[in-house]
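The structures considered in this document are given below.
Below are two complexes that have chain A in common, paired first with chain B and then with chain C.
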Partner chain A sequence: MTERLHPLSMLIFFLFTIILPAFTGNPYFYILSIIIGLIMLFNTLPLSNVLKSIPGYLLLFVLISCFNPLFYHDGDTILFYLNGKRVTLEALAYGMNSALMVIGVLIWCRIFTHFYTSDKIMYLFGTFSPKTAIIISMVLRLVPLYREHIGTYRNTQKLLGIFGEGTFFEKIQAEFKIFGGFLTWLLEHSMTTSDSMTARGYGVAKRKAYKLFTFKLSDALICCITAVASGYIIYAIITGAFSTVFYPSLILPTFSVKSIVAFLLFGIVSVTPTVRDIIYRLICRTTTAPKKP
Partner chain B sequence: MRLYYAISILIALGALILVLARLDKRKTNVRRIVLIAVMTALSIVSRFIFAAVPAFKPMAAIIVLTGMYLGFEAGFMCGALTAFLSNFYFGQGPWTPFQMVAFGAIGATAAILATQLKKRRFLLIIYAIIAGIFYSFFMDIWTMLWANNGLSGEGYIAAIISAVPYTILYAASNVVFLLLLEKPFGKRLGRIIHKYRI
Partner chain C sequence: MNNILEVKNLSFYYDEYDSRTGLSSKGKSGINSISFSIPEGSFVTLCGSTGSGKSTLLKLIKGDIITSGTLTGQIVFDGTDINEIDSAVRASSIGLLFQNPEDQIVTDKVWHEIAFGLENLGMAQSEMETRLAEALAFFRLENISRHDTATLSGGQKQLLSLAGVLAMYPRLLLLDEPTSQLDPESAEHYISTIKKLQTALGLTVIIAEHNLDGILPVSDMLMVMDNGALVCCDTVENALNTIASNKISDGISNKQSDSLTDASSCSSSKICADLPLATRYGISIGAKNLPLDINSGRRLIKDNIISAYDTASKPAPGNEPLVKLKNISFRYTSSGSDILSDLSATFDKGCSYAILGCNASGKSTLLKLLTGNIKAQLGQINPRISHIKTAYMPQDTDNMFIADTVEKELLLVGLSPENYPEYIKHIDYAKSPFDLSGGEKQLVGLAKVTALSPQLLLLDEPTKGTDNISRRKMTVAINTLKESGTTIIMACHDMDFAAECADKCAILSMGRLTGFKSCEEFFTDNKLYTTSARAMTVGITEGIYLESQLLK
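So, the complex of A and B:
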């Protein structure tokens, strides 16, 4: 369902979920963003795929949390001494706060990579820079082609007995021979491509992008709601509703009406695609499942 | 403190969009466009080939060669797009805009220094080392903003020290691959440019 949105409104949504939490500096905000991100990740990717990456996130959390107290020694509450330098609770808390932010950003970036497919990138680039868009589309085609072609080259050389035998140095030499041949083929091939493009009239008129997406009412609605929510959250940040004090001693942020409204706004906006997806799936299941006679 | 982090990403993104939009205004030969795409694809494939080895990759060398032989625009575009598109295979994240700017700058600078770099081999080696160090130091700014306390000299030095092995690997891989690839690339690209009058 999220695939059918306009790339611009999707980009605004992802900027909202990826960048905005980083401005707050508030651990509760990061935890909220991580929970919603994980729910969305579980909803979109296969279960085993997500579970496999969770140990990595935990490891990253531990690493970043420990990094800060090893290099910063400010703070009032001393936990213990390491090599004559004090390790403080405040520095540890700061590290944990940073780690939460980093993990939230990583989770949302993963969702972004999943949903923001090449056609959407092409569309977005095509509107402001058609030249970049055509280069991107060609690269996306050429990368798999080259990977395949290098394999073919290698197999041919193996069949001729040039590759895969001899000392290490000879192997490297053979590899270079393959690369040289591949390079010649690739450059000549590119010239054929460009001639073909010229013959078909590339560059004759101003280039326009093929409009694959239309900006619908739902897109406008999403943009408006996201803009209003981020406006309110930025207002809450500026007025200090989220402020967490780490040094000299740790003061955890308190909840106020302003911050609770901001939490709710962020939660509602970022959870909406998942909720819609689940509702759609339920509707589809109830309507399309064949009834037993 | 968090502001630096988010603002730096936005600045990097904005700079990229501005540069790309400006480059789009210039009139470019079709053949040149295709060659930029080809070199970008090649450097992404090279990242695949060396995926198992951390930090020792020929990407920067190919970008430098693109800048040297095909000009400023090609160098910048090849660098920025290599970082952007290869991260779709290797993991997209907040580091992407920084990598794009760093690789783009390396390619564009190689284009500015092209005549000197082509003439003297030792200048090429020095440029390769400087490019590796520049890339590492530039990414250390990002490390500092990402995991540490915003802008601070102490944090930056800590990030640089923890990344020293990577800095050495970047510089070494640049030198090795530029020395290995300069001749075959130069010969073939020069021939193509001469033959098709690009």
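So, the complex of A and C:
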């Protein structure tokens, strides 16, 4: 269901979940964003895939958390001395807070790259500039193609003895030759591509991009609630509803009506696609015929 | 019937760029005053040797592709001069497709490739959707519509390009050797799709091809070009009769000495070499109704029973093994399936082997294993590959070229013009290797690998994209090499070629090789998977499997 969101509303949604929490500076907000992000990750990617990456996130958490107190020694509460330098609770707390932020961003970015396929990027560019879209599409095709070709080309030349038993310098020279040969190949072959484009009328009329996605009511709704929620959360950030004080001594943020509403709004908006996916899956399960024994 | 295309007195000269003066002048002639007309809905085959101007003619009819050069004469499409037609209309109503499957694809997704032409025309979204759906349904590409174009096979890519052009609703389809890079099965499928377009939709098709085997039976008209001139343009039957009576063989220049072709009555004519075997057989016995396919060829053979034919006795090569494979298993990824499983084989010195089999059966993989470039997970190769001097010619010979002229290319492996082997002497050494024809590229490639004087020569699809003349040159080259003691292993689809120049053949299937048999045994035992000469004579005259036995 989420993969069928319109690229524009999907972009707005992900900007909301990736960027907005980072500006709150609030550990509870980060934890909320991580929890919802993980739920969505578990719901979209295969279980083993997600589980494999959990140790990585934990390691990152530990590294970033420890990094700050090792180099930053302000703060009233001294935990212990390391090499004669103070290690403080406040610096540690600050490190942990940053680590939570980074991990939240990483999790949401991973979901973003899963859903934001080349089709969607192309669509967005296509609406603004159909010519840019076609260039992006060509690049997306050619980069892996060229990378693969230069590999086979190198191998073939190697078998033809271009490297010989030369010195290091001669080998570098051979690599240059290979690259030159590859460029010739590339030019020769792109002639046909260019002919093929001309033959199919590239440039004869004002180009229009084929739209793979339609903007539905649900897309409009998602855009609206995301906009409203972002507005309120930004207001809450500006008015200091989330402020956390780390130095000189740690004061954990308190909950106010304002911050609770902001938490709720963020939670509701960011969990919506997951809920939609789950409901859709349930509908599919009940309406499709059971497997024959 | 009205003519969809009329070409009147068309001549074309390429511009020659003088690098010293920086001026362009009227240079090499591409087309020499050609006139013909094509009735709507015909299937026209355009043939002629390499460099005869087939591609140039197709590109000129399409327009807009060749931008520099001098054109005289007139091209009339559906009653209107081509220059007076709106460029958008011209782009959509005349479709042009090229030889190389990879190069003519523009975008990264299958659906986008089909939509590409429609987008260029600035078509409305709803109409694009309908046309995309139509094309996906007609070409049965629906279930790969969201795939990356890079994941498709060569045959699928050619069909996709065709679908992209068809979505623009063309009325005339120009195809420039579209099947020469495909394996036989995909080529057959492609031709039958084109035929379906012509019969079911009334499209006019002009298809340039070297290998006329599958095309001639479905063609209505045959056009023959030579050196930029149109030698004949007539119904297939008339055109063949003209060829048969050698009327045009004199007109066809013989700059490539044809001592290599077999002694059939039409050996002087280059065009004859590209005709299907059955037709050549018909010409050689002077039949009135020339057969176009194997089946009608068989009928002709029944009426003219062959009593005497040469038994193709090939000298038995020595039995000294060069390399032994024992229980080789190989897969590309750890979770993938085995490409080769428990494959065993022995390759003798000075013997040539053909490994046959369908696409993706592992033929290329086996060759790559023998280059030492990839290593088998299980099994032994004895002696080790690094102890044997091997040379490898890949399927895509473009990968072998690194210099800007043929001469420099061959100098890299220590070959100077005076030492060039006979089979590349007709090639223009000053040309860039990329500008050569498919057959010439293969021959230069072969010269390059043989110059390394290998003990073991590996050839991957050496006949891909070649014409019959180059194939024959290659046959002779391989037979000479073999005599000098080189072991040759080739992976190929082309059974006629394998029969001509391999001593032993086997099929690679389900990851292993059926035991190597001598060529004669292999092809005369097989009834399904065999040469055209054998297929034509199965059950009529036993023991014939080579073209030369049939054509006298």
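By definition in this document, the second predicted complex is superposed on the first by the 247 of 293 C-alpha atoms of A that agree within 3 Å, B and C clash if a C-alpha of one lies under 4 Å from a C-alpha of the other, contacts with A are read in each partner's own complex, and residues count from 1 in each chain.
Basically, a contact is a pair of C-beta atoms (placed from the backbone, for glycine too) under 8 Å apart; a residue touches a chain by one contact, two chains touch by 3 or more.
Note that the structure is a prediction, hence the values are computed from the model and not measured.
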| item | value |
| --- | --- |
| Which superposed partner A:276 touches (first chain B, second chain C, both, neither) | neither |
| Partner chain in contact with A:52 - chain B first, chain C second, else both or neither | neither |
| Touched partner set for A:171, first chain B, second chain C, both or neither | neither |
| Partner chain in contact with A:159 - chain B first, chain C second, else both or neither | second |
| Partner chain(s) touched by A:130 [first = chain B, second = chain C, both, neither] | both |
| First (chain B), second (chain C), both or neither touched by A:140 | both |
| Chain B versus chain C as contact partner of A:24, first or second or both or neither | first |
| Contacts of A:199 with chain B and chain C, given as first, second, both or neither | second |
| Contacts of A:101 with chain B and chain C, given as first, second, both or neither | first |
| Chain B/chain C common contact set on chain A | 118, 130, 134, 138, 140, 145, 180, 184, 188, 190, 193, 197-198, 202-203 |
| Residue ranges of chain A in contact with chain B within the complex | 18-19, 22-25, 64, 67-68, 71-72, 94, 98, 101-102, 105-106, 109, 112-113, 118, 125, 128-132, 134-136, 138-140, 142-143, 145-147, 150, 176, 179-180, 183-184, 186-188, 190-191, 193-194, 197-198, 202-203 |
| Chain A-facing residues of chain B, complex | 1-3, 5-6, 9-10, 17, 20-21, 23-24, 28, 30-31, 33-38, 40-42, 44-45, 48-49, 77, 81, 85, 88, 91-94, 146-149, 154-155, 158, 180, 184-185, 188-189, 192, 196 |
| Of chain A, residues touching chain C in the complex | 118-119, 122, 130, 134, 137-138, 140-141, 144-145, 152-153, 155-162, 177-178, 180-181, 184-185, 188-190, 192-193, 195-212 |
| Contacting residues of chain C [partner chain A, same complex] | 59, 62, 64-65, 87-88, 91-92, 95-98, 100, 102-109, 111-112, 115-125, 128, 132, 146, 148-150, 161, 164-165, 168, 371, 373, 390-392, 394, 396, 398-404, 412-413, 432, 434, 448-449, 452 |
